[in-house]
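Next come two complexes, and both contain chain A; in the first it sits with chain B, in the second with chain C.
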Partner chain A sequence: MSIKPGRNIRNRFHNIWMLICILLIVLMPVILAFGLYFKASLLLSDNSVFSLLFSKDWQPSKQNFGFYSFILSSLWITILSLAICAPVCLLSAIYLTQYARSNVLKLMHPVIDILAGIPSVIYGVWGIIVIVPLIANHIAPLFDVETSGYTIIAGAIVLAIMIIPFVLNILIEVFNTIPEQLTEASLSLGASKWETIKFVLFRKAFPGIISAFGLGLSRAFGETIAVLMVVGNVVKVPKGIFQPGYPLPALIANNYGEMMSIPMYDSALMMAALILFVVVLLFNFASRFAITRFELRI
Partner chain B sequence: MNNHTKININNVNLSIGKQHILKNINVEIPEKKITVILGPSGCGKTTLLKCLNRLTDSYEDINVSGNIFINNKDILKSNGDITELRKKMGLLSQRPYPLPMSIYDNVAYGLKISGRKKKRFLNKRVEHYLKQASLWEETYDRLKEPASSLSIGQQQRLCLARGLAVDPEIILADEPTSALDPLSSQAIEEKFIHLKQYYTIVLVTHILRQAKRIADNIVFMYLGEVIEQGPAESFFNNPKMEKTKAYLSGAFN
Partner chain C sequence: MMIKRKKIEEKIFKVLMVLATMTIAFALMLIIYSILYKGLPSLSWEMISQTPKGGFYFGKEGGILNAIIGSLYLSIGATFLAFIVGLPVALYINVHLVKRKKIVNAIRFFLDLLWGVPSIVYGAFGFSLMIYMGIRTSLLAGIITVAFLIIPIMIRAMDEVFKEVPRGLMEAAFSLGSTKSETAYKIFFRQCVPGVITAILLSLGRGIGDAASVMFTTGYTDHIPTSLTQPTATLPLSIFFQLSSPIPEVQNRAYASALVLTIIILIISLSARMISGKYQKNKINF
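Moving on, here comes the complex of A and B:
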């Protein structure tokens, strides 16, 4: 008999290790959420969730912690950046997968990967050097606005460029997985290429497009360094795209470990992190929901 | 060229990159008959079929020479509206690829694209073509459901219906039963025999028995060349070429 003793035990043991690894991954978000909630509970015991979320009053020294202006800044920047990035990514992905020769796509892949790999600090610096003055000197005057350039729109542009490679990669993948025969079927029914893209490919790709944008949105919402470098960081409810903002991640990054002598401040920052966490979670659920709803219809 | 020739393929050569795929193809396809393009896998049958409605246009590095006359018009040379050409032909592919929309919209798609959007007209046409593809009985109460909810055999009949809906003159079928169970295959074959009184049918297959069952006319291809062509009866009973005899006796597949 050549079978080694203990073979079965070893076999089962390997399985257990794999299971532990998966458990770790699954538990991670749960642990994170609980940790944040635990830390923020101090603040939550003194204030209602509603007043924390919708109060504009941010005066830590007076124990006033209203997150409204931060939440709104974050939403403004994120949604604006997605609005910039979405059409660019969609049109590029359609061009690369439907019109361009296949070696153009091969050439683009490393370019996209390089863009994705650039550290966010570099995007931030580039934003300060290029985008901020561009807005202050050229774009804002077009709308009769005077600004330093450190604005919501600057943050949104930098952010859009940062998530483009990320979203574009997913979209290319989505369009590439559509079988060619579906295109041929539509063409053979007398549809033009553009009609085929509009009525068939776009519908087929729709769930994938939504999930790409959903992931992009989550990523944009949490992006910190590059945004805080160009967005101005003024605690005020933004009233337009040419005003400065102060998104949630910037609040945490700027202040954690700084003014910890102020009571509750630590807890307030954890609350900010918790809000961030929950909103990203909501984005994910919303896009999942949209996808499953749509997939039932096609 | 006699009156009854619908498609006349003349000296067609096709290469993709350095690969010479179709070599000096000369084929005549008679009107309102079933012409079967027969041959082992990879012999260029499908490529020849795609030439007919110029789906080959979207291939990279492709080079086509020669002439293909349909209704005495050279479709390879025409720079006119290619969608008009394609509308003349219904395409049935190896597996059904229903469009990502409802059963109703799948059939109405071709009509809507060509600008026929009146609801009552569409309702009538959809019903007519679903009946023609023997699918109406199974679907009349679920037309709004997604086409992907149909079984694969039903999907293939839906693809036939949607192809017929653009009122083609020719039906191109690329191994249309290869993904289907025997019963569904039989349904499609019977449909073809019924439809040949209205349409010219070009069917690609590598199934000898299927060719025997439904072909009026055979084009036998091997490694990118047409070896033999002619009426089905003489082809099967009295093959002229050595390669044909070998193929019919099952020497290669």
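Moving on, here comes the complex of A and C:
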């Protein structure tokens, strides 16, 4: 046996380092959750969760921290952006997986990749250049509304474009996991291509489609800079899509660093981060779980 | 009649599908066009070769070199750190745990969850941790925060590459007496170098572009940092700050900075595509 003496030691060293790295990754969200909760506990000890989430009062100087208007803004923007993005993604995913010729695919692949790679701040700049004036000068006047353009709908449109590549990629993956025998069986029974898509492919893929939208929703919920730049940031319960909003991530980004003097304020912003973290994690968990189940069943 | 109506329905939806796909392509062109249109007129050599001079934020002379260099330092540092932690994890999943399908799937599931955590949460957490430990905003703090942000992305991207390595290759290595770590680094890693580089470039692009996580951890300064403990300017924040200025010249420079960032991102993503395209050609097929 002529084994070099260092080999086993090296092997053991690498194994230990690998295990440390894995532990670090697995523990990270636990540490994150505990850290955020620890910071937020100062606020939670004085107020009930219910009153924090559903109170409209936001006056940090008077120790009033109601998240209702921020949560509602976040919900408006996220749901609206999904409503814009969902039909586009669904139609496009069906087209790309069922109808498109290979040269269209070759063209669309880099397009989706590049869209996914563009930083959120660029989306924000684009929103300010194109979407905000478009809304102020063309879309809002159609509804007899006067606005600066920095509105919830502007945030939603920018966000919708941002999550399109993300949702589209998952949808394409979902449609590609549907076995070809299924669609072929349907075609051989005399169904047209469209009927097959509608009654076989769509039905079979339905759980996967919902999960893809769930993941898009959670991605949109946590997006910060791009939304912050176009949404107006006014603390008020939004009453329509042409009003400014102030979503949770923007609240953290705008005020962090300035609130260090007031411990309660600091705690309130950490509470906002905790809400984001928990909501996104729950949505992600449910969607990923559904997708895994869906892939196993197929 | 019925058949005709169905035909019409299919036609309508087909048109809608093509329209949706075209909308996506059009959105990308519109984004790139509007950034070019607004940014190109104010882009000059001075802008990318100088640091801000006095009165830069009132429209006087200077450039954004501090932010360009800062962003490169930050993202390269973070990518390096993420690579040191990420590569062993990706290898471990695919070599050591190859027979434990359930554990591997659980770890993958977990990484996918982590991928979704918004960067602002990392930023806020990182900042309060820094306050707690008494560290000021610095390049190092930013590097660590961004590294955590991109680790799940990097691991999953490398994992997808290692997954494709044929089982026989691993068994051949084991049968010749390699230890597990030798198989991991000398066989799996070498076999997948182009794929790993693609994963690294993907993470690099994400690291350069993220603003929310570095906002409080890296700070902002007009100088090019000379050590890890100094605050550092980053491109996304530089764009963000210049754009919030009421002065038109400064805003125009923000557009030019946005153009610079877009070009950097395009270069990174195009080279990633090229490398992964080459990889497909050189892969050993069993």
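Keep this in mind: the second predicted complex is superposed on the first by the 264 of 298 C-alpha atoms of A that agree within 3 Å, B and C clash if a C-alpha of one lies under 4 Å from a C-alpha of the other, contacts with A are read in each partner's own complex, and residues count from 1 in each chain.
Simple rule for what comes next: a residue touches a chain if its C-beta (ideal position, glycine included) is under 8 Å from a C-beta of that chain, and two chains touch if they have at least 3 such contacts.
Because the structure is predicted, anything quoted here is derived from the model rather than measured.
Undergrad: Fit or clash for chain B plus chain C once both are placed on chain A?
TA: With chain A as the common anchor, chain B and chain C both fit in the superposed model.
Undergrad: State whether A:Lys204 touches chain B only (first), chain C only (second), both chains, or neither.
TA: In the superposition, A:Lys204 touches chain B alone.
Undergrad: On the A-aligned overlay, A:Leu182 touches which partner chain: chain B = first, chain C = second, or both, or neither?
TA: The answer is first: A:Leu182 touches chain B but not chain C.
Undergrad: May I ask you to decide whether A:Leu107 touches chain B, chain C, both, or neither, giving the answer as first, second, both or neither?
TA: second
Undergrad: Among the partners chain B and chain C, which is in contact with a greater number of residues of chain A?
TA: C
Undergrad: A:Ser192 contacts which: chain B (first), chain C (second), both, neither?
TA: Touch partners of A:Ser192: chain B and chain C.
Undergrad: Figure out whether A:Arg297 sits in contact with chain B (first) or chain C (second), or with both, or with neither.
TA: first
Undergrad: Just how close are chain B and chain C at their nearest CA atoms in the overlay, in Å?
TA: Chain B and chain C, overlaid via chain A, are at closest 8 Å apart by C-alpha.
Undergrad: Can you list the residues of chain A that meet both chain B and chain C?
TA: On chain A, the overlap between the chain B and chain C contacts is residues 192, 195.
Undergrad: Give every residue of chain A touching chain B within the complex, in rising order.
TA: 101-102, 179, 181-192, 195, 199-200, 203-204, 296-298
Undergrad: State the interface residues of chain B toward chain A in the complex, per the touch definition above.
TA: On the chain B side, the touching residues are 50, 53, 55, 58, 60, 83-84, 86-87, 89-91, 93-95, 97, 99-101, 109-110, 113-114, 146, 148, 159, 162-163, 166, 172.
Undergrad: Using the touch rule from the top, collect the residues of chain C that touch chain A in their complex.
TA: Chain C reaches chain A through residues 6-7, 9-10, 13-14, 16-21, 23-25, 27-28, 30-31, 34-35, 38, 85-86, 88-89, 91-92, 96, 105, 107, 109-114, 116-125, 127-129, 131, 148, 151-152, 155, 177, 179-182, 184-185, 202, 205-206, 208-212, 215-216, 236, 239-240, 243, 254-255, 258, 261-262, 265-266, 268-269, 273.
Undergrad: Would you tell me which residues of chain A are touching chain C in their complex?
TA: 3, 7-8, 10-11, 14-15, 17-19, 21-22, 24-26, 28-29, 32, 35-36, 39, 87-92, 94-96, 99-100, 104, 107-108, 110-115, 117-126, 128-130, 161, 164, 168, 192-195, 215, 218-219, 221-225, 229, 249, 252-253, 256-257, 260, 266, 269-270, 273, 276-277, 280-281, 283-285, 288-289, 292
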